[in-house]
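Attaching a single structure in structure tokens format; questions to follow.
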Amino acid sequence: MAFKRSSLSLAQIAQEIDAELIGDPDYSLNGLASLEIATASQLSFLSDKKYQSALAETCAGAVILAQFFDSENLKNQLIVENPYVAYAKVSALFATRPSASLNIHPTAVVSKRARLGKNVSVGANCVIEDDVVLEDGCEVLAGTFIGARSVIGGASLLYPNVTIYHDIKIGQNCIIHGGTVVGSDGFGFAPTDDGWLKIQQLGGVRIGNNVEIGSNTSIDRGALTDTIIEDGVIIDNQVHLAHNVKIGARTAIAGRCAIAGSTTIGARCTMGGCVAINGHIEIVDDVHLNGATVVTKSIKEPGVYSSGTLMQDVKQWRKTAVRVSQLEEWVARIKKLEEQLAD
Amino acid sequence: MAFKRSSLSLAQIAQEIDAELIGDPDYSLNGLASLEIATASQLSFLSDKKYQSALAETCAGAVILAQFFDSENLKNQLIVENPYVAYAKVSALFATRPSASLNIHPTAVVSKRARLGKNVSVGANCVIEDDVVLEDGCEVLAGTFIGARSVIGGASLLYPNVTIYHDIKIGQNCIIHGGTVVGSDGFGFAPTDDGWLKIQQLGGVRIGNNVEIGSNTSIDRGALTDTIIEDGVIIDNQVHLAHNVKIGARTAIAGRCAIAGSTTIGARCTMGGCVAINGHIEIVDDVHLNGATVVTKSIKEPGVYSSGTLMQDVKQWRKTAVRVSQLEEWVARIKKLEEQLAD
Amino acid sequence: MAFKRSSLSLAQIAQEIDAELIGDPDYSLNGLASLEIATASQLSFLSDKKYQSALAETCAGAVILAQFFDSENLKNQLIVENPYVAYAKVSALFATRPSASLNIHPTAVVSKRARLGKNVSVGANCVIEDDVVLEDGCEVLAGTFIGARSVIGGASLLYPNVTIYHDIKIGQNCIIHGGTVVGSDGFGFAPTDDGWLKIQQLGGVRIGNNVEIGSNTSIDRGALTDTIIEDGVIIDNQVHLAHNVKIGARTAIAGRCAIAGSTTIGARCTMGGCVAINGHIEIVDDVHLNGATVVTKSIKEPGVYSSGTLMQDVKQWRKTAVRVSQLEEWVARIKKLEEQLAD
């Protein structure tokens, strides 16, 4: 991209990430790149020893490392305990997102009854309804809607075209990406002779602090009580959380996961992409679900879980799939063989 | 949430749900909660006998029941035939959504050629294009787009940031949640030596009465004729309906289902979450698909269907998955054993 | 729909699709329909021989065919080499989408620093930020957001309520449907003792020419370098492409596919709906993945691949699913039988 990032000296970066500096403190860097493609004006990092061979050949102007690496071409080094965490910190120094406007765009429609803190930004064509609270430092980008009585915690960032329904509570330092909907009605209907009768969803959604939610994700409001997402949870794109789901602190949910109603997920869990979890079940803390796992009952022990079959060439797969369908029959034939041999 | 709901007397509620009232007709209630957490100012309900033990200990001010329950703490009771349906009706009495504005917000961009019925609400920054019809009592919330010549039936509700393309017909009493798109192009392309050639999608989408559609759902317009959703269908979040799909009346589709092009689904079917259905197939009435089922061919008999494997600890799963891939080989070995024993 | 399409003569259509005309050159046609339902004022086509029986009974005013068909009722015929491609071309002649406004709607918020080409349309309530480039003939429909420094190539079409983040490059003749988000942050976090630490996503998204993207799709920006979609790729609704995914030219991705981070897909691949692909793998050119396939490792040979089990009646399925979980045990029992027989 054509955007010119500003430059930082090696000394400035060392200070930000609390690193030991080896080399020229005044060396100027204007970006971050992988070892393979970094240029002399860019910083790089080595966080995984299996990429160590790339170090000797990198053209990076400086590298973040866990320990000194003796090399002709590596004059500037920043030594830290955890290079991956240092990379995360440094990424913020080179971020390219336009800075907050710190004003209310004249085209934004903000209710007189909304309460806005200090240094709040509200973008073009946003709609902020009655009794909304935007705490200090909130940034609400263009086209985002926030319904009545909802509260957005301090320093939270809502990207464009987000939809927050009424009576939603979002904590501090949260990030919500474009197209995401928080507070749509849970899927609750009573069957009657005249068809489905809607059950109004009277609960809200409560999201803790330091939560990030990707784009086009849907989080339903609760039926009677709130849907709950605890502090430090990270959620990727196109995740579907049904009514009254509860997600424990620091759980990570990758793209396209779906969790049905009233299910409780523990803390520090991780889910690969496309995981599907049944409703009304419980998953304890520290459970790790591989991508595309289908979970139909509660998980009571921490661990790693998976479901599904391996991909095959379609000709082989057709045979395999038929054999799977016949398994009950083949098991009976094994049992019969065992009986014959036992005779 | 901080919002103060208004109060209703037990007698008022009894009248609304046609219940036999036992207790104090003037008893005042201001909300609805489960038996476990309801307070003296809240109404609760028992719709499933397995929760009957909670009755004796509930603090609810009143409870909706199928039959009288003799208990010290349960002075106020509303006796009805179907408590779950009564709960659905009562939920509407305590709904918290801000009431309709009944006006056209000055920032809405409404074509002079659009025709709006009585008591229509159009929210801030909505865009209503030429020759759109909004029938009586329609409520279109902020940021929603309705394309040329589309018709929204009476008393329908479109939540914020919905996108309705041109030439779409939506019936009466429908609800469409935020971020949903109706009428995007079906995925139709002709392969050529120069790549994919787009086939313009000339059909529309026809949605019946009393249909609810969740958030971030996509319903494509038809290729030549319309995509059709019949009366009383309920659709959850992030559902994908491809071009020329037809959904029969009162079918229920849970979150994240996907139905490929030209497939016809019967009436009164139900789908759990994450069901995937192939294109160009037919599913008869009264078919129930468990969550995450993959349907690759037509279903000709009503019933309950499922696919997929059970979740296991990842170490076990790895072995299972390999064995599944080898099934053809193991079947051959069983056959050989049978031959040997037959000798 | 009530919209009256304009009429074209058979001669005009023959010229557009380079067809041999049999019949009345002045015959007037005002629409396109399948053989079964076309009326005397509509054009139809036969692209698949298995529908040939419908020809003798069609009421279509004219039919596009690969070769002459001798029939009483088929006076007007357009003979072409590839009727399906001719159908795609003709579909554009009868498209019903309102034509481009060719102006900037007064409610659009367009930065003074944006650069707009000739014949650009910007719809109501769009937001175009600083240094955006909209090349000649771009059409941006209502409510769409384009972030700073992003470039939209000539003649591209963005439907309503699309969200394009900052520093995104989209090529020429692209189409992006409503609710789609391009450039949301990749899901990158470093684990620390204090929880997940966000890694700023410094890359962008680069989309080639002639790319179509469906509704409510999410395409994340790259971590350090760009996420890349090459020329002629077609992507359906609700697809999730994670950071640094690379999609080769002319690959087709059906609805609800998900591709995890840093995976590279070759050219001319096709994916059925709901395919899930793991991160950090490579798939070569000309790979075809059946719907709902889960891909966990690289694919090095062109071909057709599949995974998953067949749907069954739920009673059978329960038995099958248990047997699959026990496969390791049944394999052991087969081995034991073999040993016994070998004795």
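Order of writing sets the labels: A, B and C. Residues in every chain begin at 1.
Operating definition for what follows: contacts are C-beta pairs under 8 Å (C-beta built on N, C-alpha and C of every residue); 3 or more make two chains touch, one makes a residue touch a chain.
Computed from a predicted model, the values in this text were never measured in an experiment.
Asks: Quick one: how far do you have to rotate chain A to sit on chain C, C-alpha fit, nearest 5 degrees?
Replies: Nearest-5 rotation angle for the superposition: 120 degrees.
Asks: Same residues or different residues where chain A meets chain B? The copies count as same if more than half of the interface numbers are shared.
Replies: Looking at both copies, the contact residues mostly diverge.
Asks: On a C-alpha centroid basis, what's the spacing between chain A and chain B, in Å?
Replies: 25
Asks: Could you list which residues of chain A touch at least two other chains?
Replies: 107, 125, 143, 161, 179, 216, 238, 256, 308-310, 312, 324, 327, 330, 334, 337, 341
Asks: Using the touch rule from the top, collect the residues of chain C that touch chain B in their complex.
Replies: Going through chain C, the ones touching chain B are 1-3, 31-34, 37, 82, 84-85, 87-89, 91-92, 94-98, 105, 107, 123-125, 141-143, 159-161, 175, 177-179, 210, 212, 214-216, 231-232, 234, 236-238, 249-250, 252, 254-256, 272-274, 291-292, 308-314, 317-318, 321-322, 324-325, 327-328, 330-331, 334, 337-338, 341.
Asks: Which residues of chain C touch chain A in their complex?
Replies: Answer in residue numbers: 107, 109, 125, 127, 129-130, 143, 145, 147-149, 161, 163, 165-167, 169, 179-181, 184-185, 187-190, 192, 195-202, 204, 216-218, 220, 224-225, 238, 240, 242, 256, 258, 260, 276, 278, 290, 293-297, 303-310, 312, 316, 319-320, 323-324, 327, 330, 333-334, 337, 340-341.
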